[in-house]
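A, B, C, D, E, F, G and H are the chain letters, set down in written order, and residue numbers restart from 1 in every chain.
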Amino acid sequence: IRQGFPEAVYAEGKTLEQTSDALAALVAAHGCALATRVNAEAGEMLMQRFPTGSYDGVSRLYRIGRMSGDFKALTVAVVCAGTSDVPVAEEAAQTLEFAGVSVRRITDVGVAGLHRLLARLDDVRAASLVIAVAGMEGALPSVLGGLVAAPVIAVPTSVGYGANLQGVAALLGMLNSCASGLSVVNIDNGFGAAMAAIRMLNVMVKA
Amino acid sequence: IRQGFPEAVYAEGKTLEQTSDALAALVAAHGCALATRVNAEAGEMLMQRFPTGSYDGVSRLYRIGRMSGDFKALTVAVVCAGTSDVPVAEEAAQTLEFAGVSVRRITDVGVAGLHRLLARLDDVRAASLVIAVAGMEGALPSVLGGLVAAPVIAVPTSVGYGANLQGVAALLGMLNSCASGLSVVNIDNGFGAAMAAIRMLNVMVKA
Amino acid sequence: IRQGFPEAVYAEGKTLEQTSDALAALVAAHGCALATRVNAEAGEMLMQRFPTGSYDGVSRLYRIGRMSGDFKALTVAVVCAGTSDVPVAEEAAQTLEFAGVSVRRITDVGVAGLHRLLARLDDVRAASLVIAVAGMEGALPSVLGGLVAAPVIAVPTSVGYGANLQGVAALLGMLNSCASGLSVVNIDNGFGAAMAAIRMLNVMVKA
Amino acid sequence: IRQGFPEAVYAEGKTLEQTSDALAALVAAHGCALATRVNAEAGEMLMQRFPTGSYDGVSRLYRIGRMSGDFKALTVAVVCAGTSDVPVAEEAAQTLEFAGVSVRRITDVGVAGLHRLLARLDDVRAASLVIAVAGMEGALPSVLGGLVAAPVIAVPTSVGYGANLQGVAALLGMLNSCASGLSVVNIDNGFGAAMAAIRMLNVMVKA
Amino acid sequence: IRQGFPEAVYAEGKTLEQTSDALAALVAAHGCALATRVNAEAGEMLMQRFPTGSYDGVSRLYRIGRMSGDFKALTVAVVCAGTSDVPVAEEAAQTLEFAGVSVRRITDVGVAGLHRLLARLDDVRAASLVIAVAGMEGALPSVLGGLVAAPVIAVPTSVGYGANLQGVAALLGMLNSCASGLSVVNIDNGFGAAMAAIRMLNVMVKA
Amino acid sequence: IRQGFPEAVYAEGKTLEQTSDALAALVAAHGCALATRVNAEAGEMLMQRFPTGSYDGVSRLYRIGRMSGDFKALTVAVVCAGTSDVPVAEEAAQTLEFAGVSVRRITDVGVAGLHRLLARLDDVRAASLVIAVAGMEGALPSVLGGLVAAPVIAVPTSVGYGANLQGVAALLGMLNSCASGLSVVNIDNGFGAAMAAIRMLNVMVKA
Amino acid sequence: IRQGFPEAVYAEGKTLEQTSDALAALVAAHGCALATRVNAEAGEMLMQRFPTGSYDGVSRLYRIGRMSGDFKALTVAVVCAGTSDVPVAEEAAQTLEFAGVSVRRITDVGVAGLHRLLARLDDVRAASLVIAVAGMEGALPSVLGGLVAAPVIAVPTSVGYGANLQGVAALLGMLNSCASGLSVVNIDNGFGAAMAAIRMLNVMVKA
Amino acid sequence: IRQGFPEAVYAEGKTLEQTSDALAALVAAHGCALATRVNAEAGEMLMQRFPTGSYDGVSRLYRIGRMSGDFKALTVAVVCAGTSDVPVAEEAAQTLEFAGVSVRRITDVGVAGLHRLLARLDDVRAASLVIAVAGMEGALPSVLGGLVAAPVIAVPTSVGYGANLQGVAALLGMLNSCASGLSVVNIDNGFGAAMAAIRMLNVMVKA
């Protein structure tokens, strides 16, 4: 089942040793591996055990090698509303790149500045799939869903405060979108959005 | 304090007699009166007691006379996302009209059909104030807030199902808007939005 | 944008006349139309105005004609956990069929009877896409997500009582799935799941 | 659209560099700039890069220059219930002052000490607009709404503990006020209240 | 333990027979009895079995006889915010009267009309205990708590809509009051407030 | 109004200087003062400014002098369920003692060890008022309410984890008690419970 | 796996035909069958199709035959707090009896009337297992858990109003019990409690 | 009552001294004792006072001696979904071992990797009781409940993020399981699950 999918270690709440061993096992089996939610300190330590790996402080991903996926000319647009949403967007984008997928990043196009979004619309429409990342009221996927025919995977983020309820407001917004056919993943789950995209891309390349 | 404001009877949960007596008292004092949340049956009965009044089944307002307010050329745009939001929008619009305010209605411009909204933008911008009514994810005020400089009063509606949580999703969306300077009233509270507008208009005409 | 998509009228909270007029407009423009959440009484009335249409009491869909979509040999598996989830599953399945998509129905395979699910696994795996419908604890998509590589669109239903919180328990379960790459739509939103599937199928047939 | 509005950088969750660069861009474009939610340490660092700026530890605002707004003799009353609400009130007040608006501060007039509130009523009534800031049960705007005819923008704060649910209790109180025509912003959102006020003042000065 | 307390039957969810038998048992034991939450139809039927009893459609209480309590000159003020809160206030007031307590009713003194409340302040201050009943934002007890030294028992009601969350908004407001020393009972629990008052009065008459 | 009541400073979220100044003002006016929620470090600093004061690390109260209240022989029983609830119980007990009230402490009598509670019942019954403090499921006040005729003020605490929802479970339990006539204060609000008791005692000594 | 367990049809939300067919299939396979949540009307209709069956209006169970289980002398005590909880308790009790288990019913022993509970303690202690059913604050299982060493299965009910949140208050109370070793089922889930008991009894009779 | 049960000290929120004294008292009375939720630092200190004890950093249990329970050949399977759930599983397992019960650990068998679970099924079925520990969507007990006839005690954990709501998602999932007869304990309550198991085992060994 799992061919075509990145195997990833979720580092949050694991000891460095547990993460490290899990990565080693994945490298042994697949020649490459990915860890998510790796903090800066752990990132540095992993560099010592896996010197060929690389750590990115924004996405908090640790990557060793990359997969040999071939997704032809299919591109995924990773669109995000504000600069505070970038870490989640990068978790999605870099997971996709690890899997061999081409990514188009479009940032800072929140719905309150509609002209910025419309200015980038051609870029969004050129993609086969859209991952739309937004916090606060999470309206970006709704607007995008009305503008593009491609699948839109909506990722709510915990960005905001007060009545954002740590991302629940954005999550509810996306689930209730008046644009039909959005699908939604967990709050801050950039990795899950990338995985949902890869499930789709795998079918597309076969189709 | 109250000059310039419509006095209204909230009919929900009142007996017909209570509503009727409260209306009579208001008419005696002010020469005009308004009741909100009047169901069809009660509307018919009130017609018998106050034959000069009128009942509107969509807004569920019963109106007797109207106020002599003079709001010059100031117009309020009442914008709504879907046809199911119309009852709430009409509660706002007709309360404003009762108070002597000019209303511009713009309906069915939900954010998933952005072109319809953009087509009506000049109308929205011509108004001194905007009341934006939306259910489901409640994104309309966010988009409008970025497009107009006027005050935007956001009214969440209970339209939708499931994770809309009877309007809480739209309410949270509006409170967390990435467009600054929106202000929000209770779910389905078209009357309250009109009252907030009248508070502002009263200052504007004096300014 | 909209070519390839069913245009649908959401009948809940609309008067018969509003639904009927909206359907007539769609038929005029596209030659076919769909209404969702149509109750039995409204269904009968619509049969009089649109005698070529058909009403299905389980899915509560009213359909007039069908779209000319060509999705080649692509099949969608609509899998559901219990018989009480069937109305939601049928809303998804029949929306897909209206759009010209082949559907494979697999019912009554809740995770507490794992053998029944495993017995149908070949059927599920034969599909390009899976729509997994479940209420109560909503565990079916998690189990399926681990068994198939295809995209899985998870639909929580409001089936259950007490701590199911009208479907919120199933929704949360699906959003937190330990199977990566699921994506989720609103509670009871079979129509939305079908729309998400059609977005994907449209890309697949072009790929 | 944006003339007349302060452009602000929301510093929370941004690196010092991101905040600093965003401020520099605003200064280049408008000659002045504002950052909100700046902690003490970041405030000190910004003083080095923008020596003409000033940092206020209570409101957590960093201001460079000020806008050339002319709001005639219009005054905004910023009223707050307790001393713990002052930081939020100051975020509102100083944002208004940055935009060129005259502010009248009225503090420590919570509803449990009604005489203190009534003693200041003339000051409140002299203003064109009222921003009412309160935590705990958030009753201040309700009482004020009955005492003044001007627009009242209600700001719930997260002040309190236990069943205050981090400000949700105050938010709900304000949304359900029995005083009609209040409008509400997000919890602790002093900046948003100031922006809503500026939207209104902009119309007033034009009227 | 129970001397001095009314024994009451909670009729909601009971069959007429169960309520009737429970009342008969209480009458047999104590010579008097009370049932709460009795609907109109059940009230009529109980009149047939207990012809000396009386049913009140507002409070929904059915009373047979009354207790021989002697609470000297102690009076309880039952204060309520709006006319829709009267049924809950009457459940409290009439339970007290059944127990032999003098009640002073003060209605329609919601905090948005402060002058009406202040006009009745002497009446409130003359009482030994205050029961304050309010829905929507539930601010009345906070204001009263600052104005009187007597114990204030706060009763939230479910009156309102939308973000009132069926009375939870009023409940939270009362629990977070900035007036110290309020104590709170369940939503719509006029009976419980009366019982809490009777506990206090029992001690007072002994003191 | 305020004679007979302790004036207290709520130190949480105040700077040391603010707390200290507020205490000084109270001492100047009343000759005594109380601060609540004072952490250890602030307690030490206050000792330097007010050397006649005393700090208690368990209740987190800082007391200067005490009130000259005379509550005759009236005693309040402060009953608590577990040792982790003691800080909240002490906040209540020591606030009462500051006001001149006699307190009887009864600890570690949670309902799961009923024999321990029954063994202390005479002590509880000897009191004029009961303050019942409990976390987790908060059942103690229900059981006590059935055993004593005196007023029972229920204080939920945030003690527990998981589904205790930081004290909301205990709060809800107390509000829904099947023992009639309990009244409830905010989570962890020992001070408020003491204030509610003092309101009652003030009436009792006058009666 | 399933030997020793009652197979039951959950009739809520099923058509009469669906329930009836499902029952017929169970009877064919096992010679006996059970349906839960059967309303009065459906109960009558089922009597016509399955004349050897019996319908109980309190538990809403329809039973055909009974299982041949042999649970020796093991008895389950079904204890319930108030008369309104009886329907849930009976769902548990009669499901157990259908499976061949001896049941001891103990009703109306809510914790506010502790003497009634203590009077029945010998009966409770004589049982091998306890099912404790309670609404409102749901404290009964906590008290029982401290008094008996046997397994206690706690069943929260939706009995109550206001802050009971349709049974969530009782559920949370039971999950946070200070009596260790309780286990909890869904709100109003008497059937599930019986099933949990049967799982235990099956092991006991084998042990 | 308590014979056969481990007496445990809940160390969270206790001072070292309180924990230490409570342990000493238990050792004096029973010759053995257990403390739960002991952090690493406290664990080290306790080693000095009770040198015969042992601290385990994963389960956070401190154990002194062990009970002399005789549970014959009865085994409890402690099954857990992911490695992050191990601390909770170990709290259960080691509490059982302290009480003299044989434990079979089965880890990393989450439902998204069904083959791993099925591979261990014989081990699970060999046990008299199952404790199933899972976070995120908490689906493991549902699947197990369909596969084994033994009692299943479900333990939700707070593992996850975002819409897991600190374990509430897993808790709700388990309460709504479509597998009948599961019973559930509080989030992260491994100790409570062990206690529930011991209640059952005590009856089994007597049966």
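By definition in this document, a residue touches a chain if its C-beta (ideal position, glycine included) is under 8 Å from a C-beta of that chain, and two chains touch if they have at least 3 such contacts.
From a predicted model like this one, the values you see are computed outputs, not experimental measurements.
Across the two interfaces under comparison, C-G and C-H, the one joined by more C-beta contacts turns out to be C-H.
Same interface as E-F, judged by over half of the contact pairs sharing residue numbers, among the pairs C-G, F-H or B-D: B-D.
Averaged C-alpha coordinates give centres for subunit F and subunit G that are 41 Å from one another. The centroid of the Cα atoms in subunit E and the matching centroid in subunit G are 36 Å apart. Subunit C and subunit D have centres, each the mean of its CA atoms, that are 47 Å apart. Those residues of subunit C in touch with two or more other chains are numbered 146-147, 162-164, 168, 171, 175-176, 180, 186. Against subunit B, the residues of subunit A that register as touching in their complex are 81-82, 110-114, 136-139, 142-143, 145-147, 160, 162-165, 168-170, 172-180. If you check the complex, the residues on subunit A that touch subunit H are 10, 12-14, 18, 156, 158, 166-168, 171, 186-189.
The touching residues of subunit B, when paired with subunit D in their complex, are 1-5, 8, 72, 74, 128-129, 146-153, 171, 175-176, 180-186, 191-193, 195-196, 198-200, 202-205, 207.
Taken together, the subunit G residues at the contact with subunit E in this complex read 83-84, 159, 161-164.
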